[in-house]
Every structure is written in C-alpha cells, then in structure tokens.
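Mind having a look at this structure? Questions to follow.
Each chain gets a letter, A, B and C, in the order it is written, and its residues are counted from 1.
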Amino acid sequence: MSTPTAILAGFQAKRRSARSRSLKPWYQNGSLVAGMIIVGLLVLMAVLAPVIAPYDPIKQDLTATLQSPNALHWLGTDKFGRDVLSRLIWGAQVNLRIGFLAVLIPFVFGSIMGGLAGYFGGWFDAIVMRVVDVFFAFPFYVMVIALVFILGSGEASIYLAIAAVSWVSYAKIVRGEVLVAKKQDYVIAARLSGMSHARVLGRHIGPNVLSQAIIYGMSDIVMDIMAVVTLGYLGLGIAPPTAEWGSMILDGQEFITTLWQQATIPGLIVVVTSLGVSWLGDGLSDMLSPERRK
Amino acid sequence: MSEERPALRVSDITKTYHLGNALVEKLFPKRDVHSRLTALDGVNLELRKGEILALVGESGSGKSTLAKIIVGSTAASSGEISYEGSPLAKRRDRNTMRRIQMVFQDPYSSLNPRMSVGAVLAEILLLHKIVPRREVRAESIRLLKLVGMEEDALDAYPSQFSGGQRQRIAIARALAVRPDVLIADEPVSALDVSVQATILELFTTLRDELGLSILFVAHNLAVVQHLSQRVAVMYLGRIVELADTEELFANPRHPYTRALIASIPRMTAESVNEDVLLEGDPPSPFNIPAGCRFNPRCAFATEACTLTDPALMPVNDAHLSACIRFKELPTFATIPIGLDHTKQEK
Amino acid sequence: MVDAPLLSVTDLALGVKRSSSTNVIVDGVSFDVNKGDRFGIVGESGSGKSMTLRAVAGLLPAGVKVLSGSMLYNGKELVGMARRERRMLMGPEIAMIFQEPMTALNPVMRVGEQIAEGPRRHLGLSRKAAMDLAIAMMARTGIPDPARRALAYPHQLSGGLRQRIMIAMAISCRPKLILCDEPTTALDVTVQHQVLRLLEELCDDFDASLVFVTHDLAVVNQTCQSLAVMYAGRLVETGPVKQVFGDPRHPYTKGLLDSAPDFDQPDRPLVPIPGVPPNLAHRPQGCSFAPRCPFVEEVCLQTPPPLFEVEPGRSSACFLSDEIFKKVIA
C-alpha cells in the first residue's frame, strides 16, 4: 500500500465521517432524526386516520360545497362538499402505502436479478442486462403511464407498473456493486474455503452491496409517491372517490384563484413527505456504512 | 527430502487471456494476434513438503496468476496440478479446496468488513465441521493465539485492526480449515517494515510447527533471501531459474536473475554490479519474443538464443536454469561491503 | 557550508483544524537542504513524511494547514506566500515527482505536450521550441525514440516510462529543488534501479538538490547523503546516511534497521518493533515512541524529547541516546 495515498485516504475518510457524523449515535444524525420525525408523523396520521379525521373523506354534502376554511371545516370543503382536511388525512394512507409497498417488489426482484447477473456473469448477465437496457431506454413516467393505461387504473396496476419499470434500477445498482465486491479478496477467500455460491452471495456479498440499493430505495419511495400523485393528477391513478393527494390537486386547481388551499395544501404535503423520506434515506445511508460497525 | 512425494506439483501450466471480443475472434480467427495475452507459458514446479518456496518476478511475470491457478480461483488454459500425487479436478470438492489456502496481499480487502473476526472463523469451522459446535469458540481462540492475537479480537470488526493485525487474522482464517499448503501472494508488501518482520516470522513458525508447505510469491528479494529455502524466478510467464536460496544468490546461472539481484537496493553495500544491469522494460506479454524470451534484453545473448526457446536444464542437483549459456556465464559476485564501482571480471 | 541552505524548514507543524480541537500531524520538524544535497526523509505510513514534503511543495490536501513554523526557500518565506507567487516557483525553482505517475499525468493529453506545458508558461518558449525541449528532456531521461513517444498518451506507456516522463516534466524548467514522494515504490526492482540512477545523475548534471521521501531504507542508502527519520509526525534522528545506518542513535531508527531484511546480511535475524504507532489524535504525553521502546525510562513518559546534537552533524530525539548507544557499542 502506498504510504502517502494511505495517509491521504485516512484523512479523507476521517473528514468524510466527520461531515456525515457517521460515527456518532443515530440520534445525533440530523437528517436521520428530522426524516424520522416527519415520516413518523405522516405514518401516524395515516394509521390514525379513522380516529383523527373529523369527517368521512368520501361523504358528499352538496349543501356545503366549496367553503373557505372555517371552524367546522379547517381547510374548507371541495366541490362535492367533502372535508378537505379529512381527505388529506385519509390520503396519507393511500399515498404512503403505495409509495412504500411499490418499492418492495422491484427492490427484491431487481436486487436478485442484478446480484445473480453480476455474480455469475456470462450469458445470464448478458440477457438480463439487455432487458434492463430496453427498460431503461423509456422514460419512467412514460412507461408507468402507458402501463397503467393498459392495465386499467387501480392500486394493483400501479404496483405492477412501477415494479415493471423500476426493478431495472436496482438490478443495475446491485450488479455494479457485486462486480466490485466479487473481486474483493474476502469473497475469493470465502470461495476458496469451500463455501457454496449461495452462501458467498448471501452472507459475504449481499450485506456489503445491499446498502447502496437500500439508499436508492429511499429515493425511489419519493419517486413512487410522486408517481402516484402524478397518476392521480392525470386521472389515471386511484379511482375516485377514494381520497388521494394527486386527485385532490387536480380537483383543487380549478379553484386556485378563489380557494388556493385546495390544491396548495396537498401539494405542500407531497413536498414535505418527499423531504422527510429523502432525509431518512440520507441518514440511513450514513448509518449503513461499514465504518459504523464497531 | 526430495525423494519424498511433493506436496504440490504444477505440470506444464499455461494461461492465455483473450482480450477483445471473443465472438469476433471466433468469426475471424487470427485477425489480431495481439489480443492474446500469454500470462503463463508452460510452468513446471514442485512444492516440497514443509518448505517455503519463493516465487519471484516482476509485474507481468505471471507469478500472481500462477498462485491463483494453484488455489483454484482461476482456471488454467492447459496443464495439470497434482496434490499429494493425485491430479486435481477442474472443479475441486470442498475437501480438496480446504487443503490449499491462500493469504492475500492487501489485508484491507481480504476481510469482510461486516463480519466480526469470531463470525468469520466460526463460519468456516462449522462449514467444514472442523470441530463440534460447542468447541468453535475455543478453537477460534486457539487459532488467534497461533497467529499471535488475543482472545478479545473475536468480537471486533476488521476496521478496528492495523494492517499487520489484519494480516494475522487473514492467516488465522486460512489456517482454520487446517490446510497443508499455503499460497501467500505478496503477503508483506503492503505492510510497514517494522511489521513485516513479525509476519515473516509467523510464516517460519507455521512451517516449523505445523509442517505447512508454503509458496511465497514476492518481488522483494531481500525478504525472499531471508525467508525461503528455494527460489523460483519467473520471467514473462516461464520459470527461468530455480535453486536453493543460498545457491541462487551466490551463483545465479541466468542473466535475468543476475540483473534482479544486481538491482536490489542495498542497505550497507555501496553500489551494485554495473555489468548486468537491465535496460528497458520487459516486453509485452501480448508478444513474447522468439527464442529465449529474455534475449532482447540479455547482455550475453548470441544468435543461438534467438533461435531456441530453452527449457530448464540442471546446473547441479539443486539448481535449474533456462539459459543455454549458463555454463559460460562469468562468475558472479555481488559487490562486497564497503567497495564501490569496482569493475567485475568479464 | 558557508552558503545559506537552499531550503530551510524550521519548527514546521501541520495539522487538521476542527471546530473543537486541532489534530497535529506533523510537529516541530526542522531540517536544512543545501545546494546539491540529496536529502532523504524516511518513515512508515502515518509518520508525516509525505505531508512534510507536500507542505514544501504547497500541495497539502484540503483541510491540512500549516499551524506554525517557517519554510525558507532561497531566503524566501514559503509559509503564507501569495498563491500566485508560489505557483511561479513551482517548475523553474521547485518541482515534484509523485509515486504514481498514472494519476499525476493527464490521461487525455499527449505526454510531449504535458512536458512542454511548463517551459511554455515559465520560460516563455514558443509551442515549437517547447516541444523540442520536451523531446530533448525525454531523451535526457533515457526514453528511447522520444520524438515518437512524445505523441503517446500516458496509458500507452509502461510504468517505468511514465515515471521517466514525470521526471522529464519535473526537470524541464531546470528546477533547483526536486521533491520526490516515493517515486519508485510502484516500480519493479530493475526499473527502480534505473530510475534512481537517473535521478542521481540528473541532480549532479543540473546541480539540483533532492528531497526524497520513502519508506525503504535501502533506497535511501542508494540515493541520499543525509537523512531524517520521522516517527509519528516528529523527527527522531538526522544525520549522514552512512553514519546513521552504521550507528543509529535513536531506538526507533535502530528498530527500523533491525526489522528490515538486509540483502548483504541474510543470516541476521529480523527483529520486529513490538506494538503499533500511536494514533496521532491521542499522542502519548512524552516521547511518541516510548510505548514501543525497549529502553524506555520514567523521563521518556514525561515530556517529548527535543532533537539534540549527538555528534557534529547528527542529532537524535532521545533522552537516553548517549547512554543506550554507548552501552551498545561498549
């Protein structure tokens, strides 16, 4: 090992960890804590929706449409007289659930495909990566929208569409990491001590490559939440009258000049959610670095 | 010693790499000969039981490739490796793999950063059923002691250790499966001088106490001279000289070995033998010279050297050289301490 | 020497400043390099040898600062010198050769042009004249067929040739001080030997001084006349190479020499130094080497020993150096 570069590397490593505070306990990690608080509150809001929402989110009251915020309806009512606040709270259930769940399938499937392709290489790798290239060639939204259009709106088709499109990112990330990891001496040593491929992949490569995929997954949640909102806004997502932030923005924008809250508040919630999840991901990536293992 | 069956025999191993597109090459054979890299070109070698055999050479000589082929992490293009007299299959079973273990150069990449030392050792011990489950901890401690580490290392992670300590842990891992042969690929070249000595000492202890046969791949000749019983010198994918350590350094019978020895930076002697210094860089392994592969850089080369590709020939019973003029080479003397720039006899 | 030294480093301290504390990497380093000297700095990883050299070159990595001390080059203070002025020194006055030429050379520029860049800027040569000079310098560093090789890109050359290109680049403006950071560590022995020879020759021909940082004691012996041994950011011993190697006066130097294999004494047992170097953030209160030193006494644990003269031209930073080494000799 080269002496000067070793010193430099040592310093850079120290400085990096000083900046990301990766060696401090989790509760001193600013972005992690902020992310946890925001996401925690949102999840709480979603779970407790039946308790805290003042009204039924889909119950129409045509006698009280398009109200400004008032004592009975803190955020006013929409054009069908439904309580905006209640719809916002119930919307968290749908949006968060889809956001988080939609990541799982592509995460698992993509990581497995990428891991196998990277580890074994050869024809399997060639085929998987060509398929990945084909999927990658289409823009995310174009694919999702097209697929949802074909499959019909509804939660199941959103999951399917997002999974079909976004597994390729996980496959790419994990494959790249595996290609590096499998050349590491500790992986070769594991093979040489007679361990099976499955064991080497699962125990020696997996834990060292998945953190990248997890970090990406957190940003992917943001992307998926945005996708659901976008689909809702385009009228392709969850069928009305279910409360969902995207369709709330769509419904609210007609009245943006008179009742600005109707589109703006759900928009703000989407922004806050994205921010919270991003921070959480940032914090997690600090926590997942191997330097932490003490 | 030598009548005994060797621990390991390497017969006629070659390794060629094809760079560029394999499909294109199949469709248009011999379109470009330079896309074929010859890393090893007919290597024969015996590792005797209980010896440390050093394999030296410069970068591109193929010494690390040979190490990888012996442990089975790279497949040879042709040739055979036999262990205890019986040839090893292409796909080795778990028990054969166990017999030949490797110690790597970079102790920073040879340990899984996410596994504690205890977990690493326990995993291998259980996999090979070396000891029953309840004795795993005791056995791990025994291994650590063997390499000069304390019990408290068990619960620690690699990042908590220095380079030298990591190298000890890596050696403990290799020893866990109770191998007979250890292949060490430049195990001290990444370590500081003051730590190197402890690891070298450890290798000697392992040979003496466990009877391990060790192939020690290195580029530092001073280290090799210190540690090994025999030395094999590689040049461009071939062994060009092989002899007992003392014999090799006192009476090198290949011009390349002479150049290597003359280039060793010396701590006490004033200077080095000017006559045999090499000019230029080694030729590309994509295009190995015809005849003796060393002839373009050799001060002693004659026309015959450009025509025949010499095999290893016996100089005496403890010495082989692949130089057709090995008898005619002048006596070799490294300059004694204190003298400087004296011309050596021609 | 009657002349003032070409480079005079006094009490140099380097460190990383944090909000709460300062991490000192190099502490109280002083040495002089006279005209024509070849001076070696030896130490293990983390000893601060490369940082010291980088400080002289003005190439400290981000975050590392000169905390105190002075570096006089030809009478001019380098510490706190304006960046512009400093840049004008690099090339015609001071040049640096790195360990890994592959990362120090620009991969997308022909090597001839890279060598010619310096002379064009500093000597005001035309493109054509600078290119001719570059080719001449390449020939001077022993590169065969320089006119053709000048058109090559770094990746097309071998490690040895790349290091020669680096050297050609360094000497192209005829600097008076050449700083080398492990220039041969990445090279094979036979090539290392050629490069060391070349450096020596060039320094003689151009009357340049050399500061040579390495971990390899034997390489220092081959290249330098005098040396400084560094441990944990401090100098522990200085003096002429032959004398220091023949009769070390600091336990660390002795330990280093005893642990390194010497080709000319194959039967001498290698004695490792027990323990590991201190973490620079938690340096021991007294002598940094005390925890690993076989001769340690009470006084060593109290205050760090200064570097003091043990005989004319030689110093050691060991309180007991006279005692220990007189005894050893006797």
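Please note the rule applied: a residue touches a chain if its C-beta (ideal position, glycine included) is under 8 Å from a C-beta of that chain, and two chains touch if they have at least 3 such contacts.
Quick caveat: nothing in here was measured; it's all calculated off a predicted structure.
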{"item": "Longest centre-to-centre distance from chain B, chain (CA-based)", "value": "A"}
{"item": "Chain pair showing more contacts of the two, B-C and A-B", "value": "B-C"}
{"item": "Between chain C and chain A, distance of the C-alpha-averaged centres to the nearest whole Å", "value": "51"}
{"item": "Distance between the centres, which are taken as Cα means, of chain C and chain B, whole angstrom", "value": "31"}
{"item": "Between chain A and chain B, centroid-to-centroid distance (C-alpha), Å", "value": "50"}
{"item": "Per-residue multi-chain contacts in chain A, two or more chains", "value": "1"}
{"item": "Chain C: positions in contact with at least two other chains", "value": "44-45, 215"}
{"item": "Touch list for chain C against partner chain B, complex", "value": "44-45, 144, 158-161, 188-194, 196, 215-219, 221-222, 245-246, 255-257, 259-266, 270-273, 276"}
{"item": "Touching residues on chain B, where the partner in the complex is chain A", "value": "71-73, 94-95, 97-98, 100-102, 104-106, 108-115, 123-124, 127-128, 157, 159-160, 163, 170, 173-174, 176-177, 190"}
{"item": "Residues on chain A engaged by chain B in the complex (per definition of touch)", "value": "1, 184-195, 199, 203-204, 207-208, 290-291, 293-294"}
{"item": "Chain B to chain C touching residues, read off their complex", "value": "58-59, 162, 164-165, 192-198, 200-201, 219-223, 225-226, 249, 259-260, 262-269, 271-272, 277-282, 334, 337"}
